[in-house]
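One chain, subunit A, links the two complexes that follow: it is found with subunit B in the first and with subunit C in the second.
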Partner chain A sequence: MAKWLIRRFLLLIFVLWGITTLTFIIIAAVPRNPAIAMAGSQSSPEQIEKFNKRWGLDKPLAVRYYEFYAYLLQGDMGTSIRTERPVALEMRNFFPATFELATVSVVLSFLIGVPLGIVAALKRNKWPDQVTRFVSLIGVSTPNFWFGLIILLVFYYLLGGVGPGRVTSAAYEPTRITGLYLIDSLVTGNWSSFVDCLRHIIMPAFALGFFGIGIVTRMMRSSMIDTLSKDYIKAARARGLSLFRVITNHALRNSLIPVLTVIGVLYGAYLGGVIVIEVVFSWPGLGNFAYNSILKSDHPAIMGVVLVISIIYSLVNLVVDVLYRYLDPRIKF
Partner chain B sequence: MEEKLLEVKDLSVAFNSYLGVAEVLDRISYSVDENQWLGIAGESGCGKTVSAFSLLKLLPEAAMIRNGEILFKGESILDKSEREMRKLRGGEISIVFQEPQSALNPSKRVGENIVESLRLHQGIRGEEAKRRAIQMLDLVKIPQPRVRFSQFPHELSGGMQQRVCIAIALACHPSLLIADEFTTSLDVTTQQEILKLVVDLQRQSTMSVLFITHDLALISECCDELIIMYAGQIMERGKVDRVFRNPSHPYTRLLLNAIPSISRKDEKLNSIDGSVPGLVNPPKGCRFHTRCKQKIPGRCDVVFPRETAIDETHRAWCHLLYT
Partner chain C sequence: MDSIVSIRGLKKYFPVKSEALFGKTTWNKAIDGIDLEIQRGEALGVVGESGSGKTTLGKLILGLHAPTEGTIDYRGHDTGRMQSSVVFQDPFSSLNPRQTVFDIVKEPLESVRGTRRGQGFRQTILDILNLVGLSEEQMFRYPHEFSGGQRQRIAIARAIVAKPLFIVFDEPTSGLDVSVQAQILNLLKELKGNSDLSYVFISHNIGVVKYICSRIAVMYRGKIVETSGNQELFDNPLHPYSQHLLSAVPVIDETRMSKIIEFEAKAADEAAVSNGCIYYSKCPIRRDICREKPPQRFDATEGHSVYCWARELDQR
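Up next, the complex of A and B:
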């Protein structure tokens, strides 16, 4: 296990190097000068030259590439051209909001998708199955920004629910410990804050997670049907266990393995898809930050966002792999 | 007359399939006494397993019990509620499956299955249940039962896995053990060991065994009585030695003839021409007539023959036996 973990971490470094290199090349290839994006198209050549010199954009690409890693290894992700603050600091500010949103979405997809999938498997080809099939088809095929706008329209505008953002006002913000508001408010016992945060996160999380609910439901359904046809399920029934017991004690664990894979992939999809949802719901997270950074061609900021998202995605998948081992004792590392 | 442990009367079961309705069991009757081994023999797809699962009322959704009665200890199984059936399953009637590697949950430690049964049927839990489970593993002659208890199925050999399955089945001292081809997936040496184990365990109790197999040689080793089934119908039944000495149905004769023998220096293996007919729109009358060399046209393919008594327990169903 330890050996396997070390190997995975070495691989992780290699993957991160690949991703950042690719991002660096793409940014360099885009014919757009941050100087013009920042200082405006009316800037004089002197102003642009000064700007480039200040941000080191006048240096050759190879030097900038080398310097990126040289500073990164010292924990310095550079300074955002747009906000003029260290990128690492911005990550600390924005990342928890996004991580919280994506995690709640994943949890929602799991908590809704798994039971729906089980019901669909048990009532195969009867109406509950047809209904869940229809719902998950909508979930998979609806673009999440559109779904987000509909939710905004219905729940915020027509029904007058809570407004956008993470909290109603600064008064509801919990004392910052992790930056994950739900956790911070729970830890500090701040109930009114917890409820407010929950009410704010549920809609964007649902908009982001609707797609995943669809996928998890379908996956759980087919995996459960497959498991239920196994001999050990018949054997468990023949031992006198009720159908409920058979499912909770014997079928669930074995059917969760493929679903777990999907959850890992979903995390990646959510961390990527979060950009649109955060803009729609004015969520002060990494997605919003990334969106604004891309608009302004803020090179260091973009590199920072990509790096952080890739690290989290890789770590989540590492956790998924460890969970496999827990679910299926035949898997060895 | 002593009370029968199990009586199956005129049982007919049909399956809905996309081809139509398949008549899987056609008016099957048999009974099992206490402390008896009954063998059910027949080719694949002849309804052996279906008849076993109908005893537990665990047929697939597509199955319908058309007709008949199943009495277990004098009580009708078909009238029992699901809750009552759950008490019976694993408590009074247990089953051992053909493939132990797929009959054990891959993500459960083998001992947990026994503990689960004990808790469910006898309310034993905790350390006591574990102790009893280890005792059961010891009873089925698993070496180091304490270690094996907390191992996963994939860490055991096929023979060991089947011993575990037997331990699970016997944990609550059932009155009837259904052994559904339980030696088929094992190699011949292991087969003999496992069979001997169950024979020994049966002798120590009053349990009856319903041994479903296609292997007549195994039946001759352990069964008191046997039933020969073909395509959902019973062809012949009786005490094993009588049936083997005096097979009265053409199908039984062909089956016995197909057992390879070293003393007979035949050029090729004997086999029965043709294959089991489809059970959607099965052949009329005696279902074996399509492969029977002695069939009487106009009779065998029209009406099912009536029961003929060969001796006090030996019965056969064939038109050739009466005129």
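Up next, the complex of A and C:
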């Protein structure tokens, strides 16, 4: 296990190196100068030259590539051209919001999808199954930006619920500890803040998680049907074990493995693909930051975002692999 | 002898949906009117060709299917004892892959004693594992670390540990190598001994049933056509289907080789079968009445009953 972990971490370093290199090449290949994006198309050649010199854009590509890693190894991700703040600091500011949103979405997908899948599997081809399958089909096939807009239209514009953003006003922001508002407000015992944050996160989390609910439901349903057909389930029933205990003791863990795979992929996708939803809901997270950075060709910021998302994605998948071992003793590392 | 399970007029029909959009649903009559008693302490064999409804009957007895019609009465149940358990054919699907042998065998004990604490379980489990031929160091391994025969031993340990009234064995040796089959059969016979545990032993292999069982029921297309004591059935099979089935058992004896009953399905309209005897179209000794009325139970001798008009009319 320890050996396997070390190997995985070494592999992770290679993966991160590959991803950042690719991103670096893509950024270099895009014929768009951050100087124009930042200083405007009317700026004089002297201004652009000064800008390039200031941000090190006048150096050869190879030098810039080398410097990126040289600074990175010292924990310095560079400085954002757009905000003129260190990228590492921006990551610390924006990442918790995204992490919180993606996590709540994944938890929603799991907590709603798994029971729905179980019910559908147990009531196979009866009406609860048909309804569930229809809902999950909608979840899987609805683009999340559109779903997000509909949610905003109905619950914010028409019904007058809470609006976009993480909190109603700065007064509701909890004292910053982890940057995860839900946790910070709980830890500091700030109830009004907790409730406000919860109300704000529900809509974007649901818009983001609807796809996941659909997919988890489908996976859970088919996996559960598969498990329920196994003889050890029938044997347990034949011994007089109640349906509830058969499911909790035997069926659930065995059918969770494919669901777990999906959850891992979903989590990564949420963390990375959260951009659209964050823009729709004005969520001050990594996605929003990435969106603005890309608009302004903010090279250091883009590199930072890609790096952080890659790390998180890899770590999530690592955790999923470890969980496999727990769920299925046949899987060995 | 007192009966622990009493089956009356049992029917199980499965719907067969037509491929056509508004096609009619037809019914697959897996079990079509069965009366049967399971006595305390007996080893009852159920034989028949595939598709005869043996497995469905086993599942109905275990409560894994709800009957379409008819009743199954369970008697003689006392607390602290499990009603029923089962050993299936495929030992690779019948054990939960994420439980150790210890957990697998412990669970029936827990559900009977109604406790989740492992007080005194360890010794009981160890005894049972030794009984079925497994050792202590194998106790905390997972099913995938065992061979098919060993897995079947685990399944048997799980089936007997909580002292059930009866165990249904659904082709327990069919999935195993021939050499292992013999070991498992000996084990089952040994475990049964003179205990008051009842076996319902489902198999298409007459030799296996003959070895294990004290009484045998022959099934054909969802019906029991003959029930008899073990030796009696082999000495004096009454139903033409039983005779055909027994004659098909390979025997290393040249004088008997020639006696395999060859029969061809006589050209009979299948429609006649729906009213009369299910074996009508193939029967070498059929009468006119077989076409019109289904045969009733006829007790030829004590403990030997057959569903056949010809036999009944002959003896009158």
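Basically, the second predicted complex is superposed on the first by the 333 of 333 C-alpha atoms of A that agree within 3 Å, B and C clash if a C-alpha of one lies under 4 Å from a C-alpha of the other, contacts with A are read in each partner's own complex, and residues count from 1 in each chain.
Just so we're on the same page, a residue touches a chain if its C-beta (ideal position, glycine included) is under 8 Å from a C-beta of that chain, and two chains touch if they have at least 3 such contacts.
Bear in mind that the values here come from a model prediction, so they are computed numbers and not experimental data.
Once subunit A is used to superpose the two complexes, subunit B occupies space that clashes with subunit C. Of the two partner chains placed around the shared chain by superposition, neither subunit B nor subunit C is touched by A:K50. In the superposition on chain A, A:N254 makes contact with both subunit B and subunit C. In the superposed model, A:D231 makes contact with both subunit B and subunit C. Once the two complexes are laid over each other on the shared chain, residue contacts for A:L241 go to subunit B and to subunit C alike.
Of the two partner chains, subunit B and subunit C are each touched by A:P329.
When the two structures are aligned on the shared chain, A:K123 is found in touch with neither subunit B nor subunit C.
Common to the subunit B-facing and subunit C-facing surfaces of subunit A are residues 230-232, 234-241, 249-250, 253-254, 327-330. Residue ranges on subunit A touching subunit B, taken from their complex, read 230-232, 234-242, 249-250, 253-254, 327-330.
Contact residues on subunit A toward subunit C in their complex (touch as defined above): 230-232, 234-241, 245, 249-250, 253-254, 327-330.
Interface of subunit C with subunit A (complex): residues 59, 62-64, 82-88, 90, 93-98, 107-108, 111, 142, 144, 155, 158-159, 162, 164, 168.
Here subunit B touches subunit A in the complex through residues 56, 58, 86-91, 94-95, 97, 99, 102-108, 113, 116-117, 120-121, 152, 154, 165, 168, going by the rule given at the top.
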